[in-house]
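After this come two complexes, each holding chain A, first together with chain B and then together with chain C.
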Partner chain A sequence: MPSWSEFEPFIVSGLALGGVYALSGVGLVVLYRATGVLYLAFGAVGAMGAFLTYAMIQASLPDWLAWIVCILFGGVITLIYGMIFGPPLARRDPLVRAVATLGLTLILFGAMDLLWPPTGGEVRSISLPTDNGGFTVAGLQVDWTQLIGLCAGVVLTVGTAAFLRYTKLGTAMRAMANDREITATLGVPVRRVEAAAWFGCGILAGIAGLLLADLVQLDPTTLTFLVISSLAAALIARLRSIAVTFVAAIVIGVVHDLLTPITSLTNYRDMTPFVLAAIALLWVSRHRTVMTRSREEA
Partner chain B sequence: MAGVGTKDAAAAAVAGQRVRLLRRPERPVHLSVTVVLVLFVLFALPQLMSGYYTGYATLVAIYSIVTLGLGLLVGRVGLYSLGQGAILQIGAWTGARLLFATSQPFPIVVIEAGLVTMAIGTVIGLPALRLRGLYLALITLMLAGAITVVLATVNFPNGGGGFTGYNGTSVHIPPIRRPSIAGSETAYFRYAVVVALLMFILVYLHLRTRPGRAWAAIRQSEPAALAAGINTTFYKLWAWALAAFITGIAGAVLASQSQYLYSINFTTQDSIILLAVALMGGVYNLWGAVIAALLMQLLPAWLQNLGVSYAWLTILFGVGVLQVLTTAPAGIADQFPKDMKRLGRLIWRLVRKPRAARAASGGTT
Partner chain C sequence: MNRYSRRRPRLAAAAVAVIAIGGVIAGCSSNNSNSSSTTAPTSSATSSAPATSSASPSTSAAAVSTSSCGTKPGVAATGTPIPLGGIVTDQSGTSFTDISNMAAAYFACVNANGGINGHPIKYYIETEQTNATQIASEAKQLVQSDHVVGIVGNTSIIECSVDSSYWQAQGFNIIDSGIAPECYSTPNSAAVNMGPRYSSDGAVQYALTQHPSKIVFDQSNVPGTTYIAAGPNALAKAAGVPITDDATNVPVSDANSVAIQLVDQAGKDGAVVLNFTPPDALVILEAAQKLNIEGNVKEWGCSTPCNTDFLAKSLGSKWNGKFFVNAELTPPDPTTSPAMSLYRGILSQYGKAVSGGIGSFSQMGFTEAELMVKALESVTGTYTVASVNAAVKALKNVDTGMLCQQWTYGSYSMHIPNNEDYTVTPDNGEMVIAPNGGCTQISAVDPQIAQYRSEAGTAPSDPTSSS
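This part shows the complex of A and B:
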């Protein structure tokens, strides 16, 4: 067992990672509640955005423009998908709607493979200016990107909760989560609210893609499947509670990184989200909550 | 006395029905076309193919078993699994390990690999089947991710010792052995086709008998199936176990086909592509499984020959999934004959119209 000091740096990186998972998880939960679609293309959208940023920086365009393009790309592509495929699938099973987003995942995945084919050995990366510099807390080195990762998670979780609670649009989204038909009857412009949810979720995908490309690695597969970690957090929260999603995401991020220094487990640390989500789901199913909920939905 | 008589009559009727369902083919034309096609694939096709395509054709036979299992789960029972790629990996790992460890005859090893995979699949499936719909799909996706991580660390057996059978330092790696009667590529292709055929027959028999009817009832409505006295958990688990069994068998055959297995060749993405092609091929039809395997294995080989990147194919699969889910839920296996019929009708109409017009004009002059 390594000593405590070896674990310490991984607490910081784990919290940063957890923060990004949290903001992704929150995006997934909000979209699912508002439209009934579990957006499995979240990671692929973020990855594509990050690659666009990479390409723009390579073409020596200004950095800030590249970041904005990444985030907007996420929003726009998600909005387009939602507008085209939302309505025809609106009355189908939630499962079918989730599987359809896998179609978008494959399209984006293929496009990334085509535009940025795997290089043999050469490492692509995005570095944000916040990587340099930082500060020290209790003897731990923290760089600004890590702080942004954690803060983005906290701020967006709190912000989204407040948005859903206090704004008119947020109230409309919550109403739609309960019953789409009745909400429409009450005069809420259902399509427009859905569009807002799609766009918001896409923006979060863009932010998550950009941060993860810096914090983890700029690689299509890695970034696409990092969505599974945030998905695990959203699942632990049974696709309902934003607060639980946040806590679960932080736990997944920290546990994942804390396993790194333990030699016997380090290769298995990528299993953390799967294992935690599986335990949570099975525990929840024992209490029959998941089953009754999905029966309502099906 | 009378009661016994009716019971006997009922039993006789049930037996008669069973015999009819099993023995008398519904569509004799359909059956004879299938038989001719199978004979063609077994005897004529290997002569017509180059070595390059023989290897890929073998993969088509193997993957048609995997998509058959997935189509069974999705189309017949309504269970979406995103973890079939992982189940295939378990089968391949077990098959390779047993082929290195023992000198048992090949078919025995294949069946053992199927049984081990079935046991593992059932252990995983038992709790997972308590979840339904979306949650089952996601838990299987998690499973696929987890198994890929484990196998990336454990590695596939390459003739080493110990439980994992992996020897990281070996320079000379022995190939995974093949059955003595099917050492060459062509012979192994025939072997794989026969295995696939047996699996299709196994599934067909299931579909035509009690489990098939139970699955159909479950897919229509689980509460109604429950009310009709069907043990839904049992039959769902049965479908799950059957799919894992045949996928495990496919895995063992795959291990011996590729002869060297590397964990880097198996990705989580494969499980997603498997579901994509199964949906595109058509999950309500056994032919759909064959079409899906052709899409997944032969199409890339052909495109590679033409110098087209595999990435285009990934995009095509993505578009295909969206198209199938929005407009043609029964996939190519259902859509293609319909389109052909429509085309035939169109051509017939085009042929008939000038003739009718000529007849009409001939009448007036």
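This part shows the complex of A and C:
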């Protein structure tokens, strides 16, 4: 078993990885709470935006313009999807709505494979100015992009929770996620509220894609399916609590990296999100059963 | 009626959206897929419309004449095509299409300059995704549908293992870039490269010259890791240096923890040796750089895939003299030999599909095509499977201009014709020969190398590969 000092750097790197998961996980929960749709295309939208940024930078266009296009692409493509497929799928089962977003995932994934095919020679990457500089923790350099990734998760968590709770639009979104028909009957402009939710989620996907392309790797598969690991965090929060999603993502990231120096477990560390999600869901299910029995006996 | 009238605008909106998305995608793309994933005869296609290069800016020899690739400069070949084929891995995280695309570029050059006695080469490239059934059917398609008479440019994680017996039964002698053990251990496959095992041997061998206290060898977690690690382990153990083997899932999504683990395992006086494709090697090295731990070990090493200017440029000057890469082929940056000039010229004029530009992968494709052309030129009479493959087998002591040694196919039970290598290091965005990194024989401590040398002996040096 490694010593504590050997674990220390992995806590720091785990926090950075957790921040990465939190960015996507929180975005997933935000849209689910607002529209009732589990947006599985979150990663692919961000990845596509990141590749557009890469293409624009390669074409010698200004970096800032490329970043804006990445973020706006996320918003626009998600808005278009939401406006076209949102209403017809509104009355369908949540599972059907989630699976429908896989269609967009596959289209974007295929487009990336077609436009930027995998290559053994070319190395693609995006660097942000915040990669330079930073500070040292436990002997490791933490750059500003990593810090931004982590802080973005916190800001997103607090900001979105406050938005959903304290603003008119946020209240409308929550009501709509509960029951679209009744909310419409009450005079809420359902289409407009939905559009805002889809666009907002897409913007988050764009921001996450840009940061993750820098923090993880500019690779269509990695970025598209990173959302699966983030989904574990969202599932631990049962797609309800943004704060729990954030904490779960951080815990997943830290546990994942803490397993790295343990020789017997290191090859299984990629299973961490799913094992933790399974444990959490089993615990919740068992806890609920016990609570229900206690209530019945009382 | 109302329902229909409501649907129309929605359908129209969907159509507009699809067109708009398509427009955005098409407009913003800077890179197009080439025909490597199809069975289209790519060499013919490229020869009719020579393309501008996508190679790195160091392809400064754009003006170099490429006419020396053929026997009749400027005269396009119009005879009956000679069909050749190749199978390459092209999947997420691992793609070797640069090799077959460079071979296609070479053939396009030959076709534009007289062909093979007036016959153009038709080159069919099949791509695969590490699926044995798919690979076996592609081999059959090349033979039965495309009627190829030679196989060249194969570069696949498992193709040699899957198709070796089939090629042998059909009478093919393959010229390839090897990965799987069967690419080196069978009588009908000869590679221009050393492959991951012997290249990793070379990287570890160089690392050992720096007297590290320990070696940590990390590679992609793909089929064959035990076979590959056997070579580096034999070398390290013979030198009395402890070695740790790691295997990392690719694409690498947790580069920070991988980098920290490697550095921790190696220790201050240890060496880390990687065996990954350039994108995955880069994320690990960049992670080490961002975490500021790249200096916490004595040195970093890597097998041949890291030998690309893209990597040297991406890493920056921090790695100069710190990172040593095995180079199975002559380093192109400091070399100005006629062969290297031709390579640069073909890459510039015909190599649009070679996304990595100058680097080991495109050099391998060039060398394989060059050897196949030499074999075809020696055929008298018709080009059949029998005549072409007999000519391939007869290749002996060929000066390729790309290898330390002359290249021989021969009738051996196994083939490791490239077993002498260079070591390069990044220097201001280019890979240059490292101190004491000139042609060095891979140690016969690796039992496979020892067995090959006992059969084939040691090949003479290639005088055309030096500057």
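Here is the rule we use: the second predicted complex is superposed on the first by the 279 of 298 C-alpha atoms of A that agree within 3 Å, B and C clash if a C-alpha of one lies under 4 Å from a C-alpha of the other, contacts with A are read in each partner's own complex, and residues count from 1 in each chain.
Keep in mind that, in the parts below, contacts are C-beta pairs under 8 Å (C-beta built on N, C-alpha and C of every residue); 3 or more make two chains touch, one makes a residue touch a chain.
Quick caveat, the model's predicted, so the values are computed rather than measured.
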item	value
Which of chain B and chain C A:Leu114 touches, first, second, both or neither	both
Partner chain in contact with A:Ala16 - chain B first, chain C second, else both or neither	second
Contacts of A:Gln141 with chain B and chain C, given as first, second, both or neither	second
Contacts of A:Leu106 with chain B and chain C, given as first, second, both or neither	first
Touching partner for A:Thr221 - first (chain B), second (chain C), both, neither	both
Which superposed partner A:Pro273 touches (first chain B, second chain C, both, neither)	first
First (chain B), second (chain C), both or neither touched by A:Pro261	second
Touching partner for A:Met83 - first (chain B), second (chain C), both, neither	second
Set of chain A residues, in rising order, touched by both chain B and chain C	111, 113-114, 117, 221, 267, 270
Chain C residues touching chain A - in the complex, by the definition given at the top	10, 13-14, 17, 20-21, 24-25, 28-33, 37, 90-99, 221, 247, 249, 251-258, 260-261, 264, 277-279, 282-283, 286, 290-293, 305, 308, 310-311, 314, 354-357, 359, 361-362
Of all residues in chain A, those that touch chain B in their complex	38, 85, 88-89, 92-96, 98-100, 102-111, 113-114, 117, 221, 224-225, 228, 231-232, 235, 267-268, 270-271, 273-275, 277-278, 281-282, 285-286, 290-291, 294-295, 297-298
Sites on chain B touched by chain A in the complex	80, 127, 130-135, 137-139, 141-143, 145-146, 149-150, 152-153, 267-269, 272-273, 275-276, 279, 309-322, 325-326
Residues on chain A engaged by chain C in the complex (per definition of touch)	6, 9-10, 13-14, 16-17, 52, 55-56, 58-59, 69, 73, 77, 80, 83-84, 111, 113-125, 131, 136, 139-141, 143, 216-217, 219-222, 226, 256-257, 260-261, 266-267, 269-270
